[in-house]
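Each of the next two complexes has chain A plus one more chain, namely chain B in the first and chain C in the second.
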Partner chain A sequence: MPDAVVSIQHLSIDYLVAAGRFRAVSDVSLDVPRGHVVGIVGETGCGKSTLGQAIPRLLPEPPAIIGGGKIMFQGVDLVKVPLWKMPLIRGTGINMIFQEPLNSLNPAFRVYDQVAEAVHIRRIRESGRPVASRAQPGPYNYGRRPEPTPSDVWSGKFTPGGAAASYAHRREVERRSRETGEELRREVLDYLRLVRINDPETILNLYPHELSGGMRQRIMIAMALSEKPSLLIADEPTSALDVTIQAQVLTLMKELIEEVNTSILFISHDLGVIAETADELGVMYAGRMVEFGPIAEVFESPRHPYTKFLLRAAPTRYKTDGPLLSIPGNVPNLSRPPPGCRFHPRCPIARPKCRVDPSPTLMPIAGAGPEHTSACHYAEEVPTLS
Partner chain B sequence: MSASPLVETTGLEKHFPLTRTATDVFTGRPRRVIHAVDGVTISVMPGETVGLIGESGSGKTTLGWVIARLHDPTRGALRFAGQDLMKLDEDRLRRWRQNVQVVFQDPVGSLDPRLKVWQIVGEPLRAQNQAERWFARNEPKRIRLEHRLAVRKERERLWLECRPAEKERRRLVTEHTEALAEWQRQYEEERVQLDRQYHYALDALRAPAPTPAAAPGTPGTPGAPPPVSPRVTVADRQRLTAEYRKGLAAQAKRQAADHERIEQRYRDGLKRARGLTLTPQERQQREAAYRAFLKKGLPPPVIPKIPVPPVLRRSKVRERVAGILPMVGLPDYCVDQYPHEFSGGGRQRVSLARALIVNPKLVILDEPTSALDVAVQAQILNRLVELQKERGYAYLLITHNVAAVRYVADRVAVMYLGRIVEVGSVHGVLEKPIHPYTKALLAAVPVADVRRRRTRFRIGGDVPSLVDPPPGCRFAARCPFVVDRCRAEYPPLREIPGVPGHLVSCHRAEEVADIAPASLLSTEPGPPAPPAPA
Partner chain C sequence: MAGAPPSPTLPARPTGFRASSRRFGSGMLGFWRVLRANPLTLVGFLIVVVIGVVAVIVLVAPHLLTPYGSDQLTTDYNQGPSWAHPSGTDGVGIDIYSETLYALPLDLALAFAIAGAAMIAGGGLGLVAGYWDKPGTIGGGLSVFVMRVTDIFLAFPSLILALAIAVSLGRGVWQLIVAVLLTWWPYYVRLVRGETLAVKHLPYVMAAKAAGVTEGRIVLRHILRNVLEPVVVYFTLDVGTVLVTLSTIGFVGLGLPYPSQAEWGSMMSYYQNAGLITALPWTVLGPGLAIFVTVLAFSLLGDGLRDVLDPRSRRVLAGSSADSTSAATPPPTKEEEEAEKAEVQETDQPVDSRALGPVGG
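Let's look at the complex of A and B:
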């Protein structure tokens, strides 16, 4: 795709565990077009979060190992970038909103410090100053820092939390940033207002534990947006929230997508949330992408049996209308996946062809839109499946 | 209602006091209390499913725990099959517990990782067996004791009949004690109110001026001048303190007058009681009755012969567990597995088996599907409905998942901040909700339908705090249809004319009844969003 923010090609990710090595994501190709929201759905353990964390290389490696493939971002293959350089891409390049807003904000810092750090990083990078990977003279260090020696800690040169390397250093930094401080503060306030936070002057001085779940998630969104990333990965951003708060956050995200021109990879297991936000939808099953296409097409006429089952399983009926439809069988064990199509043991239209390797990959479908692809040998038959 | 309810609560309250700091004690700041459940009246019929929906912090889990007697209610009545649960002693409560079982919220945390499935699922069986054994041993003793107490009470009553002055005196003493207790309670309450008013006023003085209340849906007015914090003047504080002291003095005066009135009534009563006598004929009659009772007593109690059940052997427990596992859709070889060997759905099934093994009458399902994917969720919900048809369980389904409630429940209760705001049949509440909060909740549920994309959600704000909530409707702060009356007085649950069995707690129920939930989502872009910072 010409105008893709990130282009994943044949990505495979393995986990090394005591029982051996299993492939959590296998041969996934995905393009996120500029300015689009791409949704990824799938059951627990289908590899969607692994995929999301692999893009900014946030997976702990090992146990995770990128087994093959490319993640092309701004002409660079992220798989080949050394890990210590990744912080330069994270933030303004690829940003992430995590599932648990409490666990992903630092409990020891006030809201202001956390949002200001994000704004500051963006400003440095926008100013075009060369960014070294070593300790930076600035309020915040985000590159690799020399490890403090015990004597540094003892003599007070090192303060935990990474704000500054020593008190003397800190004073120097404060002197230099006094004039920029006011400007920074104004911008932080602007972003907090942008995410519809009432009374941002008060909120600035609070700690994350003093805020409600919806507020914390909005702070996370403010931090993510203030860096103006090219790609924002939202990993179940609303799962921990109540429905009314979730609706507020989703509404807000949709408005902000239009304002700050960014692309979003939206990972969720909630079809309702995906239906509200995404432009394109990818369905994952047992580590593979089984269907991809414009959201309306995937929802209206799914071309993979798994997608069809997943859409039908959502409870929308009353007890008196008969039982809910569920998918027969269980999710396969990824350390011993079934040969051929991973879904064939549970599939009603499985034939001998489905049981032989290699697994089907995403293919265009006869009779569907040009961008709609499905990893099913018999995708044309799926609409007739009852 | 025709049949008698299985569980019935009346004005149930559960409060959790917050710890008081030393500063609070010295400044006389009253104790703050979390009103987790605040006057809930709800009933569950045998074989019925009641869905309890609400956001986190609405007190729905606490209500479930109180109904299962895992928490003691602060106030209010709790009846199970006509029996007052608050009057059960420890032995009988333990024996009662097999009637109500809970499937706990977190299937990972509620299963002991060091126990095998047969031990986890068999634990209620062992507890039940022990409770039955204790009951069989202690029930005859208890009946005999109760009989002896009844005899003593009756003897005393007949003895007092012969002495009217003494009888009257005892009545007066009881009455006086109760009056004094009531007097003390009332004034303590008033005192707390005064303290609270004073401290809230002081806090309001110190706090910065609040931003002008935003209209619903437009939280935060960008570009508004920052609020100016007013200076707390000494005069302000002195004025408040003077008012507070005046209030205290007036209260002390009234209190003393009340006390004098109560004492006077008691003294007058005693004077009157001294004059009470019996006619010789009456006296002879009553004394004869008393002597007759001394000779004869009450008829001896019927002491049932309860066989003490034998201690449950391990093999028996394993057998019973293996028998129940297929019922929840697990193969019977699972008895020797550990919880970590199961997926989320499997763990939820083990949890369900543990609740069902003692054959309860009511199962409290606390978020049974929150940790599960749609496909597994559908399997579990189907199983729940089938089991109910086969075995006639009643369910109390506590969840924020409206879809699950729609499928499983017969009736739905919507909770908001410790109170029930709407109850009715599942069709009534979910298809034609009346309370604005229910409408908001339903409108907020994302629908897996791309044609129904929303653009804006009109309910702003967060769920307010449960600590010392203000009077009036709890939803008033977020409600788009709020009027002044909503903030001042609490709307009681009342039946809506024309819709039998549908109770709503809203002053404006009739006016807002016809507003569709979808109208809380507007399709127009709404007020212009603030410009993105450069």
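Let's look at the complex of A and C:
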């Protein structure tokens, strides 16, 4: 996909554990289109957080190991980028909001210092090397640069996300930024207002422990946005918040997507939250992407049995008859995943073909939209599933 | 700057906020409030301040405080405490009070220098060993090496090791510093490494990484600042402990040679060896009392310093209402409880085992 911010191709991530390899993510492909919100749902332990942390290479490696695949970001495969180069890509290139808003701010620094640090990082990068070519590929576009290679990243010729050219340059920016401390402060205030914080001048001087959970998460969002990342990975950003705050934060994020041009990978186990925010939805089960498509299509006519059950297991206010459905069986142990489709032990429409290796990958579905894909051999039967 | 944030909806409200003095100003304010709330800390702090001022005066203008010069022999021999000689005189007519004061700057400087050098060297090693400890990397190898060397040093009782080194090096200021310093740094490695290991897995370090903060800055800013608090507390208590150890070395007779160089431990050793402890007890009492008061002051201050350095307890203790009008104070989070636990463990650490020396003779 040409305008994908990040394009994950056949990514596999294993954890080395005492029992062997725990296959947390297997053969996942995913594109996040520019300006879109892509939601990832799945139950606990399905690998969605691992996937999210693997993109900016924040997983502890080892025990985590990227077994194969590519993470293409601005023309560079992040899997091949050395880890010590990654701090230059994180932040302004790929940023992340975590699920613990209560502990994600450093307790020793005031709000101002933390937001200012983020703004400062962005300023250094902006004034350094130009951000990777955003030129659209086309027949007459002579301004397009050649695709950078991992060796360019090694040699420092190119940094996805853009970084300061040299340490001398960086020092210069830092000096200038000290001189314009007032300007920095104004920008910090702007971002706090952007995330709808009342009386930001007071909030600036407070320590994180003096703020409520919703406030802290909004400050985290302000920090992430102030770096203007190309991709923002939100890993259950609202799970730790209560429902009213959750709604506020979600509304805010939706508004901000339009104000700051960024793409979001939204990871959640909460279908309601995903329905509220996402444009596309990916469903993960046992380390695999089992269904992907525009959110309305996936919600209205799921084409994978797991998605169907998952949607049915979610409480809605219209469901008044009988107890909530639960999917029979258990999530497989990913140290020894079942052969074939990983859902087949629990699947009502499983046939002998489903038990055979290799397990299905996302395929277009007959009778569904062109962008709707499912990893089920019998996807067309799913709508008839009772 | 394309896509800059939208123009502010609220007009900027002028406040007394100044970016430069922001942290310091408020920090000092909190400091005073905490001191007011803890009388014992206040006492410790005041004594430390007085000791510091006295040390400076003795260095700059000794005649303001000491009636007799260093090594000045008076004609009063074997005098008990009186207005002329607050701590009496010895057999050759040396005024013990003056002599004790003359020893103060040297003793303080030695204690601070040794504890400070141990904190910087050991703390730096601990920080590096704690943060870059992934097995199989250069940092991991270095970490293992540092920790094993630390273990070897900690396997010896520190006082015995210091005495042994002092014996082999001979008497003198530098020899004394080296002897104590060599036994002192491993405690800081342990302390800082443990704290670093605890802090580096906290979510905010991960969040800082995600924000693109470089590794060096994470260590030197985000982790160091959170490790600093127990270390500074430990340092303050440690100044007293070092002083006791120095005095012990002096008392055993391995410290500075007393009549030519005044140091509290050596003074006590000298008079005790001369058999004056029963005949002229004030000769030992003067320097002994000085050690006692100084160590006590640093202990009291160190205990209270923890509250000053922790922004959470600072605000609570200080009862500050000016800054936190609109903010809700949440119940203690898991992290806070962990921090408290860590502190409890930290205070259980080696301070006691090392302070076994003959405090105050």
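Definition applied: the second predicted complex is superposed on the first by the 332 of 386 C-alpha atoms of A that agree within 3 Å, B and C clash if a C-alpha of one lies under 4 Å from a C-alpha of the other, contacts with A are read in each partner's own complex, and residues count from 1 in each chain.
To be clear about the criterion, a contact is a pair of C-beta atoms (placed from the backbone, for glycine too) under 8 Å apart; a residue touches a chain by one contact, two chains touch by 3 or more.
Remember, predicted model here, so these are calculated numbers, not experimental data.
With both structures placed on the common chain, the touch criterion links A:112 to chain C but leaves chain B unconnected. In the superposed model, A:273 makes contact with chain B only, not with chain C. With both structures placed on the common chain, the touch criterion links A:245 to chain B but leaves chain C unconnected.
When the shared chain is aligned, chain B and chain C each come close enough to touch A:194. Applying the stated contact rule after C-alpha superposition, one finds that A:87 touches chain C and leaves chain B untouched. Once chain A of one complex is fitted onto chain A of the other, the partner contacts of A:384 are absent, as it touches neither chain B nor chain C. Of the two partner chains placed around the shared chain by superposition, chain C is the only one that A:210 touches, whereas chain B remains out of contact. In the superposition on chain A, A:325 contacts chain B only, with no contact to chain C. When the shared chain is aligned, chain B and chain C each come close enough to touch A:202. Note: residues 187, 190-191, 193-194, 198-202, 212-213, 215, 226, 259-260 of chain A belong to the chain B contact set and to the chain C contact set alike, using the contact criterion stated above.
By the touch criterion stated above, chain A contacts chain C in their complex at residues 56, 58, 62, 84, 87-93, 95-96, 98, 100, 102-110, 112, 117-118, 121, 125-126, 161, 181-182, 185-187, 189-191, 193-194, 198-207, 209-213, 215, 220, 223-224, 226-228, 259-261. Taken in their complex, chain A has these residues touching chain B: 43-44, 187, 190-191, 193-194, 196-202, 212-215, 226, 242-248, 250-251, 254-255, 259-260, 269-276, 295-296, 299-300, 309-311, 313-319, 323-327, 330-331. The part of chain C that touches chain A in the complex is made up of residues 1, 3-6, 8-10, 12-13, 15, 17, 19-20, 22-23, 26, 134, 136, 202-204, 206-215, 222, 225-226, 229, 311-312, 315, 323-330, 333-336. On the side of chain B, the complex with chain A involves touching residues 49, 55-56, 208, 210-211, 214, 219-220, 222, 226-227, 343-344, 373-379, 381-382, 385-386, 400, 402-404, 406-410, 426-427, 440-441, 443-450, 452-457, 459-460, 462-463, 529-530, 532-533.
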